[in-house]
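So the structure is just underneath, and the comments pick up after that.
Going in written order, the chains are labelled A, B, C, D and E, and every chain counts its residues from 1.
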Amino acid sequence: MALNLKGIISPYNALKQAGRKPHTVQYPYKKKEAADRYRGFHFNDIQECIGCGTCSTICQNHAIDMIEIEGLEVGPGDSGLRPRVDNGRCCWCALCVDSCPTGSLSLTKDYLYVSEDPNSFLLIPGIDNPDGQNRKSWISNGNSLLDYKRIPMRELEGQERVKSFAEVVLGYNEEEARTEAARCLGCGICTENCPVHMHIPEYINAIARGDDKMAVKIIYDNNPLGETCGKVCTRRCEEICAFTKRGEPIAIRWLKRYATETVENEKMIEEIVNPTILPPNGHSVAIIGAGPGGLTAAYYLAMRGFNVMVYEAKEHAGGMIMYGIPKYRLPLDSLDKQIEYLQSIGVEIKFNTKVGKDISFDEIRQHHEAVYIGIGFEVPYKLGITGEDASGSIQAINFLREINREKHIEIGDKVVVIGGGNVAIDAARVSRRLGAEVTILYRRRVEDMPADWEEIEGAEDEGVIIHPQAIPLEIITDENNKVKAIKYANAEMIPDPKGGRPRPKIIEGDEHILEVTTVIGAIGQEADYSFLPDDIKEKLEINRGRIVVNEDRQTSIPWLFAGGDIANRRADAIGAIADGFNAVKGIEKFILKEDK
Amino acid sequence: MIYDKSSGKIVDIIKNYARKHSLWIVAYGTGCGAIELPPTMTSRYDAERFGIRGSATPRQADVLLITGYLAVKTLKRVIRTYEQMQDPKYVIGFGSCTINGGMYWDSYNTVKALDRYLPVDVYINGCMPRPEAVISGFIELQKLIEAGKANGAKKYKENLDWYRENQRKVIKNWKMPDYNW
Amino acid sequence: MNINWLSVLGIITTPIIAFIVGVTYGGLTRRITARIQNRYGPPSSQNLLDIIKLYSKETSIQHGVMQHLGPVFAITASITTLYFIPVIKNSVVFTNLSFNGDLIFLLYIMVFGSLGMALGAGQTGNPNAAIGVSRGLSQMVGYEIPFVLSLVAIMTQFHTTSLTDLLAVQKHFADWIIFQSPLAFIAGILAFLGMMGYAPFDVVIAPAEIASGPPSEFGGKYLALMMTSRSIFTFAKLVLFTDIFLGGASDFITLIIKTFLLYMIPVLTGIVFPRFRTEQSICFFWKWPLVFGVLAILVVVL
Amino acid sequence: MREKETTLYLGPQHPGVTGNMMVKLKVAGDTVVKAETHVGYLHRAFEKLMEQRTWMQSFPIVCRICVPEPDPNEENLARAIEEIEGREVPERAKYIRVMILELSRLAAYMLWMGGQAGTAGLYTVPQWSVGDRDYIIDLFEELTGGRIYHMYIWAGGVRRDLPEGFADKVLRTMDYLESRLPEYDKLFFENAIFQKRAKGVGIIDKDKALEWGVVGPPLRGCGIKHDVRIDEPYEVYDKLDFVVPTHEGGDVWSRAMVRRQEMEQSISIIRQVIDKMPAGEYYNKVPNPLNWYVPEGDAYVKTESARGEFGYYAVSDGGLKPRRVHVRGPAYVHGVSLLEKILVGANISDVAFIMNSLGVCPPEIER
Amino acid sequence: MKTQNINIEKEIATEIQNTFHTAEVNIKRNKRIEVKLRNDLIPPFLSYAKNYLTFNHLAHFSCVDWIEQNEFELVYIIYSYEKGVIVLAKTRIDREKAEFVTTRHLWYQAETYERELHEMFGINFKGNDRLNEFILEDWEGIPPYRRDFDTVKYATDNFYTRPGREDAKDVRENVTKINKEEIPEFAKEYSVRSLK
């Protein structure tokens, strides 16, 4: 094959390139900046990071370790750990960044690290490279792998709700629950805020895997009233969910609700939970008050072989969750199911037995080796304004109790509820269901209301008018001593010079009168310790109306344990359950140690 | 044989200067890092500016670039290649996998820590390291050479037994001539 | 015996000058190549640094006596070749050992180095080296024939076998043999391409095929020796061709200019062409250069 | 006289082989009598590792299967998952995917050109083409954050939207590359010696090509017009206007010409894609990667890579992790059975040359 | 998926069904047909598909380890350039006595696939005389791609990993420790993050 001449001449064209300026990047004399998205070394905003460890989990190279950092201030919702990257493992795929729930982790434009020491490739992002803050390149804004939006809960329409006491929240269906559960990262940070430290990541993971029964079993491990909590828990866990920094937390409560609701009756609960009940150990414990705390204590004591007797003053178990929570939040059959299950494994409840009246405290003490008091706060605070005793001025707690007993209470068509807690909102929403127009008067701002946000929103949806910064001055009565109107003054918020929360101050002269038929007071309750014998009362350490207890919920009297509202400040069911649960450990320790 | 700069002999200074500016890489793409070598060696980053160039056979080379993970099967050849190289010789660990296994940390067929098997003078971080990083690695190596600190080969000779033990542990069938050159 | 001290000086300095020029040319080549390849390339002193480094390396390869002798043969051949080429025209110092009939001698001595290398490389036992050697020898056969033909044409034309005489012939610019015998020049320069070993005739060391060919097993000082030899030999060949075709040089500046320009021919060709396979390159040499060589002789004879 | 046979080991440490592999040659004189491919030097057990990782975690590792062109791997895994799950991909993402696939094809061809010329001894071409390829790499860096490993295409779409002004940059780069092509032609493709080297070397039998499993440019170099992009159009290839070049001959030269013409086609496709790219979403979010259960099923997907049909066979057992992902790289056939066949009778000088023309990429063979 | 024209697929499926009565033919989507066969029918089927149905391109040959059923599933993926359809021919073989026949006579490159499956799964292909070492070198023990081979364990046992990372903590465990939470045994499986 002969060579063609063109093919010999034309290559020499290349020599022309000698005149061109070389396009060489003259590194290191001239540097080329990495691209705006370059995936270089990690940077972690130490303050933003909550140590959830998702980066460490998602890393397929096992390159990220969670380690303790000296001198790190750890707030709530923070595991106290921070990621450390082994650059001898990392592949800079940035999966960790894209799955960081808080967005604290990012990659930077820096990529240069050369060393003769192979052990020097461990990097604590953010601490070893604080200047990375300004070199961030790969961030997960809006491109995250995670879903920051929770599956919305289906509810009855506001107008529909006020027509009856039907349950407002409809619950997740299976698909919604699986999807919502799948959002969970399983870090377990939330358990820190749960008083009873329920195994939240475990049961959510079980739901995500489609194993609802296992989820129920895990829930019942330290909470016998899971379904109640699934409906009405104050869910402090969700406040510190890893997702809260940038989005909506996992619907932990609704998932618990979903899992427990899949169980139809107490037989099935027993089947699923399949508790190991120890043989009777011959010890006996009394529990005063069948509230959530008392029932919890009773359940776990019974499982541990104790002979448990619960004394309940009313005709139904459940305490506040029975009488204080309206039925549109917690239907009766749901509660019955749970209580029947407790009874079925050996919890004995003596109804209509008020200690101090039907049976003396001393008698209880004689029959039992330890006593757990969980009587709750039953006595409402008085408003302390004139006209409070008039007919038509009632207390929310009593009002709710009577309504839950399905008794009829005449409240007329214009109701004012005073207070901003959950009880106040419950009273207001119940009143709406009875057909009244409802106004809530609250001393402070809406954002200061201790009630749950969802509750406040729910109330507003149902047409409850919330009037914040309004301080009631006087209840005006008519000649029959019946409530006619309420006089209140608007208030302004005065910042606290000590740095506490602002205080309301009445604006002089800004007074209004609102015509009402009923005034419902809901500014708090306290306990009634009158049933306790004097000698015990003397020995018992009581601080601001609450019994002082130690970690095991043991009072200053060793055989006496206490929990619930009378011992903690949380004023919710899960707090009481935690007290009951912990008291079991205390009681066990106390009695069995005595044994030895 | 390492010539300490502090010896002050003019010969040593010249030798180290020449060594520093003439680094021949044995052309052995042991892993995926080999893909960043063409850009490094060609017109865009032009490593030849530093006297870095490829060399076809280990006999002529100064630098063994371990471009990433080493499969056990390759390790055997790499050891052979390394031992054929003439003193002074240097090893550069290129990429994360040479440091602690990288993304193949759980693979049954790659060794994780290169310095157990070969004396590494410089590690370059990255997966994979950019050409700039590769050049930085060489600059670091040059600094070490000038300071007379790049003494991996000496370390290898002195601790040959230890290296052999590690090598034999992963290479099941050791059919290689012993290190005698 | 009457020792010509100036000649001794020449004998001592010529290889050194040759080495320095050769090495610098090598460095410059790399820079020029780099510019054509859109980059900056190494400093011109790079080849020198490479050689110094190679000399400073430990050499502990044992493959037998011939392996040691190979590079030594090569450098001996290079220097010897150089000695028989008058570097500067009419200069007492740099005329060296040129004698009557040295062209014939050169033809042989130039091959000597390659043969030495071949023996050395052959002993290393590396198949790549063996293949490289066989390729080198085959290709040598290829380009030697047109080279010889070209020389024969010139020798016939000017009735001399002495380089000095040839130089004497080319007194003026127009007397250069390139103009007097262009066909011989073409045959010669094509052979020269092959002799220099740049692409397309670099099949001997073809890295992608046989690692680096004959020197595969040579490292450190051996390679340094070979590179030194190569530098000197390059210079020798350049001077030889300058002397034969371009009228030689009467001072160093002319020498540098002429040799450099001549050197650029294989270098630039090497930049833009891939390599021939062995049989293709032999085929090439036995085609056009051969034709030109024969034509040159015919022109002279007729 | 029968020449003495010697054994020649080409690799694994050898500048001529493409990557870390070895070809054991039995040579008589200059002619190969028997060739045997030895691989495994790069075996990292990707398929085993994927079984240890979740579906999402598999993405960073599949792109390591083939370094010169990692995107078909990501594309394949993404499409396999999408097929098993029935997940829809937004239209914009499809266009972006095609763009990045073509860019990577172009980058791979640039690298191939360097390799092909390098094995032929023309070292100026790799200096140019690898340098020019770097401009494409720069684009990748800007788009995906990584130069070599992009981790960009994943199930449900792509990872990030195009950065601002990116389309213009791509077009400018394409203009530049197009302006360079004639220079490559003059230096390389029109080069008489290259043509002399390439023509009639490494011939694949046209009649046997299909049966032997030859794919991609080598197949089209036999004059057989098959390309996954037209046989089974994926993403938006059916909406784009391009031709699939073929060349008769089946030798190194025709394979080179096919690739050379495909480079032009790729540039044209990239321009069309940028022109037609719709606005909108680029990612159809998958569930939380820690809890991403892919339903039971299997899928075989294929993509036309620069070297030919790149297939993935993925099986899910309904769990978090793949049951099995089996990779079929074009080099699997080209590098072992085909190479062993067509090397017989070749000159040793041409071994690396032929290997390069087939696009043998060992990490694809052993993974 | 959009509604697709699957006429040609139906034709092929019917033809296969008519020839191989015991085959389980199933059109997965357009251009994909799944054929499940008894393992002794695979060679005749492949030969039939190649010679009569123009499926002359062996795109892939794979194996899936269904360890729970103690079976290997062999998947031949064959393609017809003419029809543009892929057939996935599947069969199951016993995992303990993993043996099958070679298809090298049909497709030359099947040899390579068989070599790999032999090495990685330990399947013996009768009739293939080149089942030698392919990817691995001096491998001892069970073939590595079998699911009962634990690569993490192998890697930890055989290879040295750099120390210095022992202070790593598990977030869940750390939180549990702070809270004094006791996770019951049965729940632990769910708390270990499934990826670690």
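In the analysis below, a residue touches a chain if its C-beta (ideal position, glycine included) is under 8 Å from a C-beta of that chain, and two chains touch if they have at least 3 such contacts.
From a predicted model like this one, the values you see are computed outputs, not experimental measurements.
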item: Both-way neighbours, i.e. chains that touch chain C and touch chain A; value: B, D
item: Common touching chains of chain E and chain A; value: B, D
item: Furthest chain, CA centroid comparison against chain B; value: A
item: Per-chain Cα centre nearest the global Cα centre, belonging to chain; value: D
item: Chain whose mean Cα position lies farthest from chain D; value: A
item: Chain centre separation in whole Å, for chain E relative to chain D (CA means); value: 23
item: Interchain centroid distance [CA atoms averaged], chain A/chain B, Å; value: 57
item: Distance from the mean Cα position of chain E to that of chain C, given in whole angstrom; value: 61
item: Chain B-chain E separation of Cα centroids, rounded to whole Å; value: 38
item: Residue list for chain B, restricted to those that touch at least two other chains; value: 27, 42-46, 49, 54, 56-58, 73, 99-101, 103, 105-110, 113, 127, 130
item: Numbers and ranges of chain E residues touching at least 2 other chains; value: 136-137, 144, 149, 151-152, 162, 193-195
item: Set of chain C residues in contact with two or more other chains; value: 34, 36-40, 128, 207, 211, 271-273
item: Chain pairs in mutual contact under the definition given at the outset; value: A-B, A-C, A-D, A-E, B-C, B-D, B-E, C-D, D-E
item: Chain A residues touching chain C - in the complex, by the definition given at the top; value: 11-12, 14-15, 17-18, 20, 22-24, 26
item: Interface residues, chain B side, partner chain E - complex; value: 72-73, 76, 99-101, 105-113, 116, 166, 169-173
item: Interfacial residue positions of chain A with respect to chain E in the complex; value: 51-53, 56-58, 60, 62, 65-68, 79-81, 84, 86, 88, 118-119, 122, 186-189, 191-192, 197, 199, 201-203, 205-206, 209, 214, 217-218, 221
item: Contact set on chain D toward chain E in their complex; value: 39-40, 43, 45, 47-49, 51-54, 57, 83, 86, 210-213, 226, 231-232, 290, 298-300, 302, 309, 311, 313, 315, 320, 323-324, 326, 328, 332-333, 336-338, 341, 366
item: Chain D-touching residues of chain A, taken from the complex the two chains share; value: 1, 3-8, 10-11, 13-14, 17, 23, 34-39, 54, 57-58, 60, 91-95, 98-99, 107, 137-138, 143, 145-147, 179, 181-186, 205, 208-209
